[in-house]
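This report concerns only the one structure given below.
Lettered A, B, C, D, E and F in written order, each chain numbered from 1.
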Amino acid sequence: MRFDEAYSGNVFIGANPQLEQAQTVIYGIPMDWTVSFRPGSRFGPKRVREASLVLEEFSPYLSRDLSEFNYFDAGDIPLPFGNPEKSVHEIGAFVDQVLQKKKMPLGIGGEHLVTWPIVREVHKHYKQLAVIHLDAHADLRTDYEGEILSHATPLRKIAQLLGPENVYQFGIRSGTKEEFEYAREHIHFYPYEVLRPLKEVLPSLKGRPVYVTVDIDVLDPAFAPGTGTPEPGGIHSGELLEAIHAIARSEVEVVGADLVEVAPAYDPTEQTAVVAAKVIREMLLGFSR
Amino acid sequence: MRFDEAYSGNVFIGANPQLEQAQTVIYGIPMDWTVSFRPGSRFGPKRVREASLVLEEFSPYLSRDLSEFNYFDAGDIPLPFGNPEKSVHEIGAFVDQVLQKKKMPLGIGGEHLVTWPIVREVHKHYKQLAVIHLDAHADLRTDYEGEILSHATPLRKIAQLLGPENVYQFGIRSGTKEEFEYAREHIHFYPYEVLRPLKEVLPSLKGRPVYVTVDIDVLDPAFAPGTGTPEPGGIHSGELLEAIHAIARSEVEVVGADLVEVAPAYDPTEQTAVVAAKVIREMLLGFSR
Amino acid sequence: MRFDEAYSGNVFIGANPQLEQAQTVIYGIPMDWTVSFRPGSRFGPKRVREASLVLEEFSPYLSRDLSEFNYFDAGDIPLPFGNPEKSVHEIGAFVDQVLQKKKMPLGIGGEHLVTWPIVREVHKHYKQLAVIHLDAHADLRTDYEGEILSHATPLRKIAQLLGPENVYQFGIRSGTKEEFEYAREHIHFYPYEVLRPLKEVLPSLKGRPVYVTVDIDVLDPAFAPGTGTPEPGGIHSGELLEAIHAIARSEVEVVGADLVEVAPAYDPTEQTAVVAAKVIREMLLGFSR
Amino acid sequence: MRFDEAYSGNVFIGANPQLEQAQTVIYGIPMDWTVSFRPGSRFGPKRVREASLVLEEFSPYLSRDLSEFNYFDAGDIPLPFGNPEKSVHEIGAFVDQVLQKKKMPLGIGGEHLVTWPIVREVHKHYKQLAVIHLDAHADLRTDYEGEILSHATPLRKIAQLLGPENVYQFGIRSGTKEEFEYAREHIHFYPYEVLRPLKEVLPSLKGRPVYVTVDIDVLDPAFAPGTGTPEPGGIHSGELLEAIHAIARSEVEVVGADLVEVAPAYDPTEQTAVVAAKVIREMLLGFSR
Amino acid sequence: MRFDEAYSGNVFIGANPQLEQAQTVIYGIPMDWTVSFRPGSRFGPKRVREASLVLEEFSPYLSRDLSEFNYFDAGDIPLPFGNPEKSVHEIGAFVDQVLQKKKMPLGIGGEHLVTWPIVREVHKHYKQLAVIHLDAHADLRTDYEGEILSHATPLRKIAQLLGPENVYQFGIRSGTKEEFEYAREHIHFYPYEVLRPLKEVLPSLKGRPVYVTVDIDVLDPAFAPGTGTPEPGGIHSGELLEAIHAIARSEVEVVGADLVEVAPAYDPTEQTAVVAAKVIREMLLGFSR
Amino acid sequence: MRFDEAYSGNVFIGANPQLEQAQTVIYGIPMDWTVSFRPGSRFGPKRVREASLVLEEFSPYLSRDLSEFNYFDAGDIPLPFGNPEKSVHEIGAFVDQVLQKKKMPLGIGGEHLVTWPIVREVHKHYKQLAVIHLDAHADLRTDYEGEILSHATPLRKIAQLLGPENVYQFGIRSGTKEEFEYAREHIHFYPYEVLRPLKEVLPSLKGRPVYVTVDIDVLDPAFAPGTGTPEPGGIHSGELLEAIHAIARSEVEVVGADLVEVAPAYDPTEQTAVVAAKVIREMLLGFSR
C-alpha cells in the first residue's frame, strides 16, 4: 500500500516529502483580496502545482534534474479571507520560520502584495538585500484608493525599506505618471525590456543577496492570459525563461523568490499555470544552492 | 444624432434616462471582497445589464410591460476595493438617498454582505420591516474566520437588528450546525423548498413592508453556475420566477429588493446573467407600485 | 481501404451513404443572419452531427434502432451569407427536391426563420398541414425592426399561410404583448407547458399531416445554454423527449420536422449539441415511417 | 510553523491526516484509457477534492458533521497510462489493502471500468454482496469493439461474478438493444427513474452488504456536463442526493462506494466537480459506520 | 448621491460626460451581419469598454494621460439587425454629425464593412484623404458570394473612391489571388510586415489627412483569438502598439480612426478586448490634437 | 439538388471528392490512448477540418491555390479505442494502401505515436528516407512507464529503424536527461530553434525522400494552447509557417507528412485548430508534386 506516497500527485513535481533535508521550501500564498480588476489568484498555487505534472523533471537549459535537488512543498499558507493586515502578518511569520531553518523560500501567489511581507522578513536576515522585480506594472504607488496595503503598492514599500537604489525593475509598461517619475528618479528602472538590461545589470550585483519576484503578467497576455491585470505589449515566455537562466548563471546569491498573479478563472487552456510551473522549475533548479 | 440616448445599450433594458420621474432605482453593488471561495461577483451588475437585452420588455406572467413603468438605472456604486467597512458605509449612504427620494431601491450584487447596509437603511424608513430571504446558504454566522463583516453573516446581523421573528428564509440547504440550530429556533425557517412554504407564509405578512433578497445560488448550479459558492440540490428557475410572482401578487408592500452573487467568470454561457436579468425584470414589473 | 466509408464520422450517427433507399433526409441549414442577440447557429448542424457520436443507435424509449431505418445525411445546404431573401429561396428549393423524392425532410438549424420556407414547401405537398411548434418564443411578429424576414416572424407567416387555426404552440414564455394577444385569439396556444397540453391536443390531429418544429430554447437554459436567445423558466430535457415520444405514438402523420437554434459558441460543454442530437435521433426513430 | 497541516488544502474537505484511526479511506482512481467519446476523467479526483472546499462540513440533510467522522484521503492511486490490464490489477491490490485494514473504500473516478476490480475485491470479503448501480448507461456489454476491459462492460462482469440477481440498476437510459434485453431478463432493472424504485427495493436488501456505484452521468447533463458520455433526460441533483440519503437511512450495510466519470475538461463552471463533491460528502456522512 | 457620475463604469476609461468640449468622439458600431465565419463582433464595443478598466489612464509610451484630453463616449449606434444597406446608411449619418461638430470620430467595431461608410463621410470633409489599413486580410474583393456590401469588400470600395494610390495596406497575409494581384498593382501594399514599411512610408504622407483603420486580426491569433477570421502568422501586440506610436509621432494629420472585429464569444480570457482597449487608449492619446 | 456535393462542408477546404485523380490523401488519425497528461487529440482531425473553412484557398506565401491541386480527404481512420497495438496496425495498413496508389499521405493526429506506423510503411517504399521532426518533446524514450508503444517513444523507434543519422529534430525543449544525451550523440539534433538550423540542413538532404512530422506543440502554448503537453518557450506561428515554406522550396522530395497533437478540449478559441489547418494548407500546396 502506497499510503506514504499518498499526496505525491498534489505537490509540485518532484517535491520531497521530508522537510528537514530540503534546501528550498515551496509554498502557496492564496491571497487576492486587494485585487481591483479580476480576482481569483487565490487558486493560483493549486493549479500551478497541478500543471507542473506536464513537465519533465529535467531542464535541458540548465542540464539539471529535479531529482538532484531536495525541496519540500509546504502547501498553501492558511490566510484570513478579506483581511490584508492579518494576511500580511501570517505570510511574514511563515517566511520567518523558513528562513530560520536556513532554507530558501520559493513562493507561489496570489496577488503581488504578498511580496511585501516576504521581503520584509528576508531583509531581516540579509541586510544587503537587493530586489529584482519582473512585472508589467510598477506597483510603486504610495496607496491605492487610500489603501496602503494593496496589490499596487508593494514595491514602493520595499523601496522605502531597502532604499530605492536596491530595487531593480524590468519589463514595466504600466503605471501612473507619478510611478514612472518616481521610478526614473529613484530606482534602477528598465521599462518594456527584460533580458538585455538584466544581463547588463547582473555583474554589478555580484556576491549580493538578491530576492527575485516575478509577476506572471510581465509576459504578454498571449503567453499568460490567466492573470488579474493583463497588459498587452509584454515579453515572450522564451525571454522570461532566459531571464531566469541569466540570474541562475550570474554570481548573485538568490536568497528567495516568488512568482505571483496566476488567476485560473481566466486560464481555460491552463497555459498560464503551465508557464508558471516551468518558471518555478527553472527557479528551483537554477537558484537552489 | 442620438447622443442623448447614447448610453441606452449600457443600462438595464427599458430604463428611463431621467431619475426624477422614476419610481424605482436599479443600482449595481460591485463588491466581492469577503467572498471565500470564488470571487468575481464585482462584475455581476454589468453582465446582468448586458444580458437583459436578450429579454422582451413584456412579461406574459404578469401581463405587464416595462414601458408602463418608470425606473432609472443608476449604474454601479463606486466602492473602495478590499475595504468592507468603507464599502458598507458607501452602500448605506447611497440607499439612504434613494429612500429619501421616495423611490424603491433594487440592487444587483455583488456579494451578499451588501444586503446588510441596505436593510439597515430600509429599516430606518420602515420600522415594521420583514425580510424574505431566498438562498442556498443561511448566512447566519456571527462571524466568518473572525470577521464580522462577511458574506456569511448578513442575515445574522439583520436578524439582530429587526428581531429574528421578522426574518423568513427559504431554500436554505447549506450552513453550519450552529446556523441551522439558530435558524430553527429563532427565525421563520423553510429549508430546501421555496414556493410551497412561501405561499403559506405570505398571507401572514399582509400589509407589512417587506424587503426581498435573492441570492442567485438558491437556484441549483445547473440553472446558475456563475456564482461564488454553488450548492447542488437547489430549485429550478421556474420555481424562482413563480416565487417572485407569488410575492408580487400577495398583499405585502415590497419596499426594496436585491439579487446578488452573480459571478461572470464562472458563467461562460451567460445563463446565470440571463436568469438574473429575468428575475430582476419580474421584480421591476411585480414589485413597483 | 475504407475510402468508401470515409465520411462516416462526419454525418449523423448511423446515416446511410446512399440517398435513394433513404426514407428520411437529414440536412443542415447553416443560417443565422437575422439573429439579434447571439449569432452563431450557422455552426449548429456540424456540432450536432459530431455530438451524435456520443449516443447509442438504440432508443430504449421507442425500442427501435437506427440500424432498422434508412436515412441519408445530405450535409449543410450552401447559403449566401447575410442574405435572408436568397437563403430562404435556397432552403425552399432544397426541401422541394426532398419532397419530390417522397422523402421526409428533417432539418437542423440554424435560426428559426428557416422554418418558414420549409413549411411553405411542405404545405404545397400537404394541403391539410398542421404545425406543432415547441419554443420559448412566440415568433409571431409581423416584422422585427421593420424586417419581415426575421427569426422573430416565421410562425406569423406560417399562420397566415396555413390559417392560424392550424398552428399549435407549446412552451412559449416570451414575446411582445401583441404576440401574446394574437396567439391567444387566433392560434392553439399553450404557453409555459408542453407535455400535458400536447397529449390533450394530439387526438384532435389524428390522421392529419403534421410538421414539427422544435426550437432548442424551449428547454430551460440549464439544459440548452448554447442558443441565441436563452429564456429561463423552460422545460427539462426529459419533458422534451417525452413530447417527441407522444407525437411518435400518436396517430398524426409527421411529414417533416426540424430542430433549430443550436449555437455552439455558447456551448462549451457541448451539452446543447448532445441534447439536440438525442432529440433528432428520437425524431428519426419515432417519425420515420 | 504549520508544516504538519501543510497539505490540508489538497485533500477532501475535513480529511484526517492519520490513516490508522480512519474508518473510511477516500482514494482517487485517475484512469480513463478505455473511454471512447470524451476522455479526461483521469483529472476527476483532483478537481473533486478542490471543489469540496466550497462545501460546509455539516450536512443539514443528515444532521451530521464531517468533524464527527474519521476518514483518510489516500490521494490518487498511481496507474500505468494506457494499460487497462495493469491498471485493473493495481486498483484491486489497493482496495484489498484497504479492506484488510477493515476500512471502507470510497473511490473517486476515473472511468467506470474501475468499479470492476473494486467489486471483485469487495466480493472476496463480503460473499453476500449486492451492488446498487446508478447510471445513465447500462454498462452491461460483454465487450466493446472487441475489448473486454472497457468502460462499457464493468456491470456485465460484475453480474457474472455476483450473479445477476444481486445487481440493481437505476436510472439507465442508454444502451444497446442487447443490454436492455439482458437487463430486463436477468438483473433488477429500473430504467429512467432512481428514487421511487430505489425506495421500494431497499427493504428487500435489509442486512445485506451492499456496494454503491454512482456514475455522475446518471444526472442530466444540465447538472453534470463535465463527463465523458453525457446523456440527456437524466435525473436532477436533488434526486441523486435523496437517493444517497435513502440508502443511508435504510438497513443495508454499505461496505464500499464510488463515484465515477467526472471529466474536468468539459466542466468550465466546475459545477460537475461540486455536485460530485457533495455526493461524496453525503456518502461519507451517510455510509460510514 | 452620485447619479451624475452614474454611468462612469460603462464608458471607455476616462471618458468625459459632456459632448461639447470633447475633441474626440468614441462610438461603437455593433454590426456583424456580413461575417462569414464566426459572427459576434456586434458585442465587441461593449466588451472593449469594459476591458478598458484594467488599464491605467497614463501611457508611458507617449507620456500622456487621458486626464489631459477631452473625449466623449457616445455609446453604440443603434443599427437594424441583418440589414447591411440600412446599417451602412446609419453609420454614415452618425459620422457625418461627428465631423460637422469638428470632432474626430474613433470607432469600435463590429465587422470591417463599417469602415466603408465611415471613410466615405470622412472623405467628404477631407478631399486629400489617405487610408492606412492594418489587417490580416486584404478586404479588396469586388464582391463576396455576389454581395457587394460585405466584410470582404470595404477596402476595394475605398480604393475606388479615393483612388488606390491613396490606400496603404500593412500586415496582409490572406486573400484571393485576385486580391493580391490587385493590391500589388494598384495600392501601396506591404504584406506580412507592419512596423518597418510603415516607418518608411510615413514621411511621404507628411501633412496629409489620414484615416487609420485597424483590424484586430492583424495580430496573430495568439494575441487576439477573439475575432471572426483568425489568421495565424501575424504580428505581436508590441509591434501593433509601436505602429500606433509611429503614426502618432509622424507628421500626418489623423482625422479619424477605428479598430474592428473584436468578437467576445471567442475571447474567454478577455485578452482580445484588453489589447483592443489599449490600442484605442494609445490612439486617443496619440491621435487627438 | 446538391446531394453530390453534400459533404463539402465536412472535409478539408478545397478537397476533391474523387480519390482517383488525387495526388495527396488527407486522413485523420483519431488516436490518443497513450497520452499521459491531457487526452483529447482523438477529436483533433475533425476540428482541424472545420477550422480550415476560415482560410482562403490561396497561399500568398507560395503563390499557389488549392484549386490548382487535386487531393482527397479520406476522413478519419476507424481505430479500436484504447488498443495501441491494433491501432498501430490499422494505421500502417491504411498508409500502405495510400502509398500503393502512388499518392502522398498527409495525416492529421491524434497523438504522436501514430507517426511510428506511418514512417514504417513509408520506409518500405523509400529506403533512403530521412525524417524531419518539429516538436517540443524529443519523443526518444525507449519506453514510457514500461510501455514501448507510447506517445513518448515514436522517434526512438524511427531512429532504430532508419538509423539515427537519418533523423533530424528541431525545436526540442523538453525530455529526460537520457533523451537529450541520446539525441546529442546519435541524431541530427537542433534544440530550441527551428528555422535557422533547418535552412542550414536542407541543402544536405537534396534529392532525398523526406517525411515531415510536426507536433503542434513545437509552437509556444500562446500559439497552440490546445494540445496534450504544452511546453512554454516555443516558436511562433510565423516561424513554423516559414519552416514549411523552406522545406517546400528546398530540393528534398517530401513523400509524406503529418501534423499531430491538436486537442480541441483545450482550445476554446479554436486558435490551435486554425493554425494547424493553415500549416496543412501550406503542406498541401508546398509538398504536393
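Some points to look at:
FYI, a residue touches a chain if its C-beta (ideal position, glycine included) is under 8 Å from a C-beta of that chain, and two chains touch if they have at least 3 such contacts.
Heads up on the chains, UniProt names are A, B, C, D, E, F = Agmatinase.
If you're wondering where the values come from, they're calculated on a predicted model, not measured in any experiment.
Fewest steps needed to get from subunit B (Agmatinase) to subunit C (Agmatinase), stepping only to touching chains, is 1.
Hopping across touching chains, the smallest step count from subunit C (Agmatinase) to subunit F (Agmatinase) is 1. When chain centres are set by their Cα atoms, the one at the greatest distance from subunit B (Agmatinase) is F.
Chain centres were defined as the mean of their Cα atoms; on that basis the chain farthest from subunit E (Agmatinase) turns out to be D.
Both copies, subunit B (Agmatinase) and subunit D (Agmatinase), contribute mostly unmatched positions to the interface they share, with under half of the numbers common to the two. When the contact pairs of B-C are matched by residue number against B-D, C-F or C-E, over half are shared only with B-D. If you average the CA atoms of subunit D (Agmatinase) and of subunit F (Agmatinase), the two centres end up 39 Å from each other. Rounded to whole angstrom, the centroid-to-centroid distance between subunit A (Agmatinase) and subunit E (Agmatinase), based on C-alpha atoms, equals 37 Å. Counting partners per residue, subunit A (Agmatinase) has 38, 220, 222-223, 266, 268 as the residues that reach two or more other chains.
All chain pairs in contact, by the document's touch criterion: A-B, A-D, A-E, A-F, B-C, B-D, B-E, C-D, C-E, C-F, D-F, E-F.
Taken together, the subunit F (Agmatinase) residues at the contact with subunit A (Agmatinase) in this complex read 37-38, 172-177, 180, 191, 220-223, 225-226, 229-234, 266-268. Listing the residues of subunit B (Agmatinase) that touch subunit E (Agmatinase) in their complex gives 1-3, 5-11, 19, 28, 30, 46, 50, 72-78, 94, 97-98, 268.
Across the interface of their complex, subunit B (Agmatinase) is touched by residues 32-36, 38-40, 42, 80-84, 144-147, 150, 265-266 of subunit A (Agmatinase).
The part of subunit A (Agmatinase) that touches subunit F (Agmatinase) in the complex is made up of residues 53-58, 60-61, 63, 65, 220, 222-223, 236-238, 241, 268-271, 274-275, 278.
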